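As written, the chains take the letters A, B and C, and residue 1 is the first residue of each chain.
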Amino acid sequence: MPIVLEHLSHTYFDGATSNAAVKDVSLEIREGEFLSVIGHTGCGKTTLVQHLNGLLLPSAGRVLVDGLDTADKKQRPRIRALVGMVFQYPEYQLFADTVREDVGFGPKNMKLPEAEIALRVSEAMAMVGLSMDQFAEKSPFELSGGEKRRAALAGILAMRPKYLVLDEPMAGLDPQGRQNILGMLEQLRQDTGCSIIMVSHSMEDVARHADRILVMDHGEVKYLDTPKAVFSHSDELSQMGLSLPAPCRVAALLRQKGVDAPADICTREDLEAFLTRRLRS
Amino acid sequence: MTDITLGQFIPGNSCIHRLDPRTKIVLMLVYIVMVFLVKSLPLFLVPLIYVFLCLGLGHISFSYFGKAIKPIRFLLVFMFLLNLFITPGDTVLLSWKFIHITREGLLQAVYISLRLILLVTGASIMTLTTSPIALTDGLERMLSPLKVFKFPAHELAMMMTIALRFIPTLMEEADKIRKAQMARGADFESGNIIARAKAMIPILIPLFVSAFRRADELAMAMESRCYHGGEGRTKLHQLKLGRNDLMAALVTAAFLALILIVQGLFPGLV
Amino acid sequence: MIEFKGVRFRYDNEGPEALQGVDLEIPDGIFLVVAGHNGSGKSTLSKHINGLLLPTEGQVLVNGLDTRDENNLLSIRQQVGMVFQNPDNQLVTTIVEEDVAFGPENLGVPSPEIRVRVDEALKKVGMTAYAESAAHRLSGGQKQRIAIAGMLAMEPKILVLDEATAMLDPKGREELLQTVYELNRKNGMTVIMITQYMEEAVMADRVVVMNGGQIVMDDVPQAIFSRGDELRALGLDVPEIVRIREDLQKAGVSLPLTVLTDSQLAEALCPLF
C-alpha cells in the first residue's frame, strides 16, 4: 500500500498573519520508488514531507500511510515506524553515550525486545558501513563529520522503515561522502525494497537516481513525473528559480544554437550518447 | 509565545522611539515610584493618562494595552481575590460564613490590581519602543561608572546582546531536534513527571552540544572581527541626550509633582 | 601579499600534523581557491591567515606582518576579513546594521564614519534594504552576505571564505559567489576561498589542492581539471562539464582543455555539427 495525500493543505499561523505553505496537494507515493522532491527554499517541500509521518498535521485534507490516517493519534507510533525521517544535518540529533545506544533509540521506543534491538543495531550499522567492533562503544561525539552523519542515518534505518524520507542527506559532505550516501541509499532500496523520498538541491543527483521527481512551487505541485519529462520543461523550471542539471543546460544551449538536441536529455550519459551518435555520423 | 508583548520591539521613529535609552530607563524608574506613591482612587488617573500619552506619542496601537495585560490575567485575578479576602478592616461590606469582605480589603484589592496593570503596560511601552541593543547600550553606559569597582558593565551588556541574538536561533533548533527525536518514536507527552523529564534528555544533550559549538564558532568569528573587550570601542549609535529627553523628563516630573501636591493638600483623599 | 614559509601545525602534542610543511605565496588581488576533502588541512590553513591558529613551526606573513607577534594581530585581522561556514554562528547582534558595525566598533572607528562604512558595505553586498531587519529571519545566503558586509566595514585587503558556501542552497551559493567575484574584479580585493566544491574553482585565477596537510597541486583551473583521475583519487571531483569533456575525449571527440562551463562546452561543440 502506498502513502496517499488527499487535498493536503497546511497553513502556519504566526500571530495575526497566516501563511499557506502547502495548498491542496493530492498525490501518491508508491512502494519501493525513489521520489525526489525539488523546489527553491520556501516552496513548501519541507512542510510537505513533515506530513508524511505526522510530525505536522494537515490544516485540511488527510494523509494516509498504508491506510493509516496520520491525524489519528493512536496510529502515530505505527506510522512513525513505517516512515523513517532523516532531517537536514541529522548528526545534530545524536545524544547517547555510545553509538550502539543512539542507533538503538528508535527500536527501543518501538518497545522491541532486547535481542531484536541488538540485531537491528548491528544490521543498520552494517548498512551504513560503520563496523560494530570499531564504533559500537564509541561516543557519537568522537566520530568524524561523515561518520556522525552515517551513525545518525543508522538510527533511522534500525527502525526498518518501509518509507525513508531524507531532507538533503548530502548537505555539507565532500564529494566522496556524497557518493557514499547515494550508493548506500541505492543499495538499501535493492536489499529492502523500501521507498526513498529525498529532498535535494543537487539536480545532477536527482536526474540520475530518481524514478520520479516532485516539483513544488509556492506550496503547489508543479510537476510529478519522470526526470526526463520534468527536465524537458527547462524554461518553466528556470523561471521558478531552479537550476537544471548541467547536461540539460548544455542541451538547451545547443538547441539555441540550432542543434536538434532532444529535450529529454537529463544525465551526462544521455548527452554523451547523443553527441557521440551525432558527431560520428 | 507570540502574544507576550513584554520584551517585544516594534521599530519606529516616534519621539518616544527616539528618546535616549538611558532617559527611558530612568523615567521608567520614576514611573514605578509614581505608581506606588498613588494612594487614592481618583489619582490613579494620573499614571493612567501618562501611559496613554506614551502610547499615543509612540504611535503604538491602544490594543497593546490589552495585549500587555493578557498574559498576567490569572495573576491579576489571584492578587485581587487574595487582597480582597485577607486584608483586615473595620468596615464590613459583606459577611457570609467565613468570608468577610471589608471596605479596606476592596480598596486594597483594587489598588494592587491597578498597580500591576500600570507596571506591566509601562514596562511594555519601554520595550516596545526601544531596541534590545539600545537598551543594553543604555544599561552599559549607566553602569559604566561602576567599572571603577571592577564591575563588568561592558561584558554584561555584550552577554545580553549575544543572548538576545541567539535565543530565536536556539528555540528554532530545539524545535528541530524535538521533531527529529519524535520521528524516532520518542514520546514527550505521556508518563509521569519523572518519565517526561527523562524523555527530554535526547533534546537537551544535542541542544547543549550545539550551543557549545556555536559559542566556540562565535568566539572565533568575534576574534576575527578584532573584538578585544570593551576598551577603545566606539558605537554605531552614539547615545546623546537632547531636547527631546529634557522635555520627557519635565513632563514626567510634572505628573509626579501633581500626585505629590494633590496628596499633600488632601491627605485624607481616597 | 601572504606568505607561508615552511608552516607546520598540530592541534595537540600527540596528534598528527594538520599542516606538514606548507610553502605558499598569495599575491595581491588574486582569486585563489583552496580545495581538498574533509580533513585535508584546508581549513587549518585558512585559520593561519588571520592568526586564529599560529604555526607550530615556520611562519606566516601578512603584508610583512608575522602572525606570531601578538602586537600584529589586530592589524592583521583588520586586513584579513574572514567568513566562516555556519551563517548562524558569526552574526553577533540581532539587528543587521548593528552587526555590520561590530568590526569597526572594535577598531574604535568614530561613529559618523562607522555609519558611512556600514551603509557602503551593505550596498556592496546588495543588502541595503535589510539594514534594520532581524538577522535571524534572513535566509542562509543573506546571512552570509551580511557576514561579508561585516568584514568589508573593517576595510580589509583580503577576504577569506572558509567553506562559506557549504551550508547554502544553490541560490544562496550563486549570490554569494557573485558578490565575492565582483569584489575581486571591481574592487581588487584578494579573495581566498576554501571549498570542497570543484564547481566553485572554475572562476578562480589559481587553484591550490591540499591533501594530508600538504599542497599537492597548485595551478590554473584548466590545468588542475585536466588531472581528473588524480583529483578523484584525492576524494575530490571535477565539475560535471569537465567530466563530460573527459568522457567525450575517450569516445574520440576532442575538445580544448579550456572548456570548463556549460556555455564554453556548447560553444566548442557547435562547430562540430
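In this section, a residue touches a chain if its C-beta (ideal position, glycine included) is under 8 Å from a C-beta of that chain, and two chains touch if they have at least 3 such contacts.
On a predicted model such as this, the values are computed, not experimentally measured, just so you know.
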Based on which chains are in contact, what kind of graph results: line, ring, star, complete or other? complete
Relative to chain C, the most remote chain by C-alpha centroid is chain B
When the contacting C-beta pairs are counted for A-C and for A-B, which pair yields the higher total? A-C
Distance from the mean Cα position of chain B to that of chain A, given in whole angstrom: 45
As a quick test, compute the distance in whole Å between the mean CA positions of chain A and chain C. 30
Across the complex, what residues on chain C touch chain B? 47, 50, 52, 74, 77-78, 80-82, 84, 86, 88-95, 97-98, 101-111, 114-115, 118, 132, 134-136, 147, 150-151, 154
Of all residues in chain A, which touch chain B in the complex? 14-15, 50, 53, 55, 77, 80-81, 84-85, 87, 90, 92-96, 105-106, 109-110, 141, 155-156, 159
In the complex with chain C, residue positions of chain A that touch it: 40-41, 144-146, 171-177, 201, 204, 241, 243, 245-247, 249-250, 253-254, 256-257, 259, 268, 271-272, 275-276, 278-280
Per the touch rule above, chain B residues touching chain A in the complex are 2-3, 173, 176-177, 179-187, 201-203, 205-206, 209-210
Once bound in the complex, which stretches of chain C touch chain A? 37-39, 139, 166-167, 169-172, 196, 198, 235-237, 239-241, 243-244, 247-248, 251-253, 262-263, 265-266, 269-270, 272-273
